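Two complexes are shown next, each including subunit A; its partner changes from subunit B in the first to subunit C in the second.
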Partner chain A sequence: MSPYPNVILYEEQSNFMQASPLLQEFHPGPALLILAWVVVWGGIGGVVTPRIYRRRDLDASKATLYGTIAGAGLGPILLIILWTKTPELDWRWNVIPSLTALGLLYWAFATYHPANLCVTSGTYVISQVSNGILIGILYGVIAIGLTLIFSILGIVSFAHGQFYMLGGYAAFFTISQTMGAGLHPIIGLLMAGLITFVIGVVFEYTLLRPMHLGKVERPGEYAILLTFGLAFFLEYSALAILGANPRKVDPFFNLGNITIGAITLPPSRVIAAGIGLLILVILLWFLNYTWLGKALRAVSQDKQAAAVVGINPLNMNTLAFGLGAMLAGLSGAALVQVLAWVPNIGALASTRSFVVIVLGGMGSLPGAMIGGIVIGIVESLGVGCFPDVSRALAYQQVFGMIIFAVVLLLKPTGLFGREL
Partner chain B sequence: MMRTVIAWALGIIAVVFLALIPFVYDVFPSFPPGLVNEYTLHVLIVGFYFAMLASSWSLLMGYGGQFSFAHLAFAGIGAYTTGLMGRYLGTHALTGIIAGTLMAGLFGLVIGMLVLRLRKTYLALFTIAFAEIFRLVISAEKDFTEGPNGLPVEPLFPNGLNIAGYHFDKVDKLPPYFIMLALLLISLALMSWLAASRFGLFLRAIREDEEAAAALGVDVVRYKVLVFVITSMVAGLAGAVRAHYVTVITPNDMIILWMSLVITMSVLGGIESLIASAIGGIVVFVLLEYLRTNFLTTSVMAVVLTVILAPTLYYLSRYAARRWFNSPLKGRTRTFAIIAAAVVALVIGIAVREPVTTGLSYAYYDMTGSLFPETIDMSAWRLVFFGIVLMLTLRFYQNGLLYPVMQYYFRPGSLKETVAKREAAAAIAETEAGS
Partner chain C sequence: MKKYLFWFAVVLMLVMPAVSGAAPLNQGQDYVVQADDWLSKLAEKFLGDPLAYPAITYYTNQKNAEDESYAKISNSDVIEVGWKIYIPTQEEAQAYFSGSVQKVGEGTIKIGALMPLSAPGSVSGGTAMKAAFEIALEEINAAGGVLGQPVELIMVDTEGLPERGTAAMQRLINQDGVVGVVGEYHSAVGLTAKEVAHDNHVPVIFAETWNDNITAVQYPEVFRIAPVSSEVAEVDANFLQSVGAKYVVIMTENTGYGIPAAEQTEARLAERGIESDTYFADLGTLDFAPVIERIKAGPKPDAIWVLLTGETSFNFEQQAAEAGIGPQNLLMICNQAAADSEAFWASVPDGNLCVWRRIGLPQQLWTDATKAFAAKYKEKTGKATPESFAMEAYDSLKLMAQAINEAGSTDPDAIINALENITYNGALGTITFPYGLKNPVPEDMDPKWWHQFPDPAITMVQYTEKGQDAADVTVVFPEKYKTGELIRP
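Presenting the complex of A and B:
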């Protein structure tokens, strides 16, 4: 019933896949046993530990997280120590069990498919990781836009991925020689930023501002539903006007293949990551050294105090939404040379940036960047190290989602989030 | 009260009408095509499915304030449970439907317990993640679920059905039509009863202020989980029955688009009323199907011109009234101005549709080198239309389009009561602040 099939980054991955000699023999049994061991003990640790802490009238706020990690990493051994001694939990209790948990996962993976390149070839793993970092920088930039919106307006924009999609299309129709105006890529980037900024500002001014003026009942739900409606509207407008054909442009600059040591980096990704870093530097300069940027940060810290010193929080809301949309649009413009661009690419980007901001901590800029890179690595390792290609491409997003669900349940503040 | 009688009569007539439609089709097999035929019945059946989803979502969201984007995933759980059981265990459709409903309830229980701690935004994010995981896993496990190719499911009555000496074939639309209609009415009745009972009261209390409700003795945990379970069971039931009706299910039935449409249905009808959202579901789905056909570019142009011109004319007349007659538009004059603007815009739109389309198509040809299409494919534009309608409804009619009308008829005087109560509360607050 879908109007068009999901297009995933298939072309990007296939050249790696051809290089991997897949053995036909699988031994899923032991791997699944190890996984089950990790999951079951993690679950037991997560459920029982906080109860024991609460029963002994101790601080149980960290017990769920620490219990889960202890159970997953060292199984009953550490759990029994935790349960009998109930020590005060600080970060040191996390180091060894998290390392062993990662080791167990790697062991499961290695027994699942002993001839996989990810187990046998270190070079392959490093090249997947570096690819993941490159694309993860862009994920980080998209998520920074979302986290900026969250820290100023206090809402999550469900239309964020659609701004990313629009930015890509704006760049495509500016740059492309055959379909578009055939202008220089830099103009394409600027156009993408401008268009998404204007749409974001207009949307915030007309539809979200009434919420902050108190003209709307139940504002939290209003914001979620409204941005969801915007996503719906933007995605299908793009489909109706621009069509479902995949679009792609050549790499912005002709760099040739970039080889560092034993690994080769695709130039389009290197360019995209470079653009991402440039955007990041400009954003940091803007936030730290300009009046508007300082005003934005002031509003994110304390709305009333900012208003007292003469900053209009309503205008800052509009600016933040526009900026967030622009960051998404710019990343879209940078990635249109890497991925095949279709109108529903935004839905994927949306969910991915939710994963990133929840992992990094809602409202934290460094958290969003680091979360983006982590998700980039996990996705590219997940797809590169999975023996069955088509299944791996489908599960690529599932890995991120699982991290997301686990983080939401165990530590909703994320890695760098402010305490709720 | 006269108004209430009219309202009840209209409601009963609507249900009787829905119950009688198929007989028209059955008695006159050669009825003029396009009026009542197999396709109409099909649209209505799927419309009932969406009505069930929309009304249960409004119980979850409008009453309980629990944000869930996983409603389609629960319907999918019901559908895939019965589909997979029928395929691998060879169970009967009825067993499968019951199992699917229970399975959806079980998932609702687990998810409801997991997300207890999460507040609105986080809950929305978590449910969207769950829905996506479920859909992706179903499409990835091709060997087991057939993935995007679709899992074939047995029809509701594989051997046909004999009632009162009349034989219905397994592809006949009448039995599924009545089953869907009956399920919709039963689930609506059950959920309305729940919403009107203490359960509904507690839910609304939790929605307004969780801490306050807990302080007053409401078992927050129990009711939050319970509402998740009940609504996901309704969704699972709808999904399972629909699976047996369309006889093939794919992961694409669960993409975000359908969730957006369920939200649209619920919001357009009225998010705080189960019956309004159900009617919204049927109406929106029928509209969706109706708008699917291709339209002539010229007629679309007429509509677009009207929509652009009408507000322009109205604002112009408002400006003119203020500028030259020195009086703002209000009351009857305002109504007149709105109607006149709409009519004049429509006339102008129809009059100039041909030359405007021709001019645009020349410009289009100059720019792209290809011809302007004579008909417009509406399959994506109708969704754009509903996106705009959803946003505007949320902004300007938060109670939905249908619910205020229903309230006007079913609860005459409630508006006055509310206003009186609000004023009394404001007066009390003022005296307290003064003292």
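Presenting the complex of A and C:
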């Protein structure tokens, strides 16, 4: 109790949502039974299957993942087949059990909270998923930049979010009619890409290159400290020079409200996601059909072999860092029409990109893209479906982290990580 | 130099037993320096401790400022025969060493100021407060400072984080030795900072922290000129009742301000038969799409009430507008961050018809002090109207300066006493603190009225055209201040 009758302490407020018209009944009992079935059989599958494979001298590297999914999806039926026949595992063994596992989880949720919008309204689910995909594409593009840097240079850039922030500001000051040059949004995008690319290249060439030339005693720590330093430098320089006032531009193109069937999408996000996809296509073309792109991929696979065939790995490092920074910058430019842009906006983007690339598999480009979209959808659905409406948004990042933890538990290299 | 110090130390050691018998003084006295005197010897003789010599230096210099017949000691190692110096009493020396006498950066009065200057705090709020502090400081020093000495203002960034509030307060009190602290924007910071102020017995005037508990704990050191959260909720609820709302969505932040504010608003709405749902978001949340979708899928609210602060509120308001539940689709009470019209229109271009709550006198009731401050504020920041937190920051510092002057010393009890008796005319109007140590809060009143400015004007105003300046808004509630009718979307 608070010593003051009119002062309500936080602990005493647990019931203050009771009058809500949105809260309905919950049935935890049957839902827990279904959940227990999934978890227990998944656990048994995950623990027992690799042992059986190992005892028979078979490749057990995928057995934990496949065993868990088989157990969670089809319970003892599929597990007994796996255990008796011990077939060679490939992705086909995953399709049906993962769908049924998802179905069972959904069933458990629907039993628990039958009045939930995610159970009663298909349109609602679709609009949440499409929102998640739109924002997830941008998460993906940011993360691709980070994973590109990682796969070529072998370092994690802690300044990635700050390049994203810079890109947004570059676009703002190119496009804005009132505070900037008032140029066309496409020029704004190009400027954002150019500025972040140049800063990235200069930074890599002057400060990171000594690391690859063997002039630095502890290259790993050196890279961490240096990119951290760059992050602080960029963020606080932006704060000092550009000020803390939020900036934003109008949507690049006037599309009006976009309605597909029963769902309405905010135009600024659709444009941002469209730009993200365009960037992705151009990047894929660059990596697969140009000499430089092929050289980058060669270096990421084997530095020495690439050097033997005449590719200078040092130059590829510089190019990769510049490209990575540019991808972050372009995403920032795409999102400056969606979010109020402030100098510290990069911090959240940085942490989210780390999660995305670890989830997708360090160094994997498709992994980063799919990881981004998965995080986008999971966060969106998590907030949309979580039974306690009032707390849902506060848990936004938790939903992504749960998926992150589950994936890493079953497949420590991430969704598309290279097999160890 | 080392050599001198060495001999100094040797002589000190030889002489110590000879003088240690002298009785310490109970009364301060003047003393004329004799041959073979040095300060630590005199300190030992009169104050009983050779290490007490800085107190002699300090008080002699204080006297020198008033009366030139006293010597000015610029280096405690060098005194000349024939100088008139002042030997303080034991009490004075103790006061000097315990820090209750202003001593750091001798010759200035140090006051601390708290404000959020980086995220997740409200940076725009903190920046506005900083500008206001600078104006107040200039005015105070131009008018001769406090107690005849210039004021030095030490501004500390609290980042809107409770733990930073504790650290900032400790730094101001223990490291910088401030005599009083003013400012702060976030309640979460105020709640922790007030504990440090109380433990160290340093008076503090909070500028923009609304949480009831800040004054309700009735610490002698804590004063507030911001409105109290529960009183604001009362005005909010009355406004919603007057527009005939039946169901309201409250969008709030997960903080020491947002949680109780939402709770108080809900309770008051329920008293008036208005149903409500509260959605919580972390301060700094960027993407509101999922929750906006959720609000759209639920029953249609008559109003959305945004209790998020700073840039976070802008993101929500604009994203809601783009999704079709913005201020042009239904009644939206935007966060008072909208008072910074430049930042608001830059981030919420679809924010026309936003209603927001304004603290401080409406323009037609501005005093001369308000007008003078507004003019200086415009010159400094380019903003046509000062935000309420800017006015509060300005008043908190000027108020502290006036209190120290009226107290006639930097003694904390004297300052607290002066604040309890003060009548200060500033940008917010006439500030007084009716209830405190002298006049306790009556049994039948809420304890939150302790050391609380009772009458900050709270009004609801509305933007009526895109890009409008905050100075030109229409006051739509309450009747007393009304300048126009509410435009309903």
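Odds and ends about this structure:
By definition in this document, the second predicted complex is superposed on the first by the 274 of 420 C-alpha atoms of A that agree within 3 Å, B and C clash if a C-alpha of one lies under 4 Å from a C-alpha of the other, contacts with A are read in each partner's own complex, and residues count from 1 in each chain.
In this text, contacts are C-beta pairs under 8 Å (C-beta built on N, C-alpha and C of every residue); 3 or more make two chains touch, one makes a residue touch a chain.
Predicted model only: the values in this text are computed from it and were never measured.
In the superposition on chain A, contact is made by A:Gly220 with subunit B only, not with subunit C. By the touch criterion defined above, A:Glu204 lies against neither subunit B nor subunit C after alignment on the C-alpha atoms of chain A.
Using the contact criterion defined above for the overlaid structures, shared-chain residue A:Pro266 touches subunit C, although it does not reach subunit B.
Legend: residue contacts after superposition of the two complexes on their common chain; A:Ala394 is shown touching both subunit B and subunit C. Contacts of A:Pro412 after superposition: subunit B is touched, whereas subunit C is not reached. Once the two complexes are overlaid on the shared chain, A:Leu239 sits against subunit B and subunit C alike. In the superposition on chain A, contact of A:Leu117 is made with subunit C only, not with subunit B. Where the contact sets of subunit A with subunit B and with subunit C meet, they give residues 239, 347, 390-391, 394. Residue ranges of subunit A in contact with subunit C, taken from their complex: 4, 6-8, 10, 13, 16-17, 19-22, 117, 121, 124, 127-128, 131-132, 135, 239, 243-248, 250, 257, 264, 266-269, 338-340, 342, 344-345, 347-348, 379-384, 389-394, 396. Interface residues of subunit B, counted against subunit A in their complex, comprise 61, 65, 67, 114, 117-118, 120-122, 124-126, 128-130, 132-133, 136-137, 139-142, 148, 250, 252-253, 255-257, 260, 263-264, 267, 379-381, 383-384, 386-388, 390-391, 394-395, 398.
Contact residues of subunit A toward subunit B in the complex are 1-3, 5, 155-156, 158, 207, 210, 216-218, 220-222, 224-226, 228-234, 236-237, 239-240, 347, 351, 354-355, 358, 390-391, 394-395, 397-398, 401-402, 404-405, 408-409, 412.
Contact residues of subunit C toward subunit A in the complex are 117-119, 123-124, 126-127, 212-213, 216, 230, 247, 254, 259-260, 263-264, 266-267, 270, 275-282, 284-291, 293-294, 297-299, 311, 314-315, 318-319, 322-324, 340, 342-343, 346-347, 349, 446-448.
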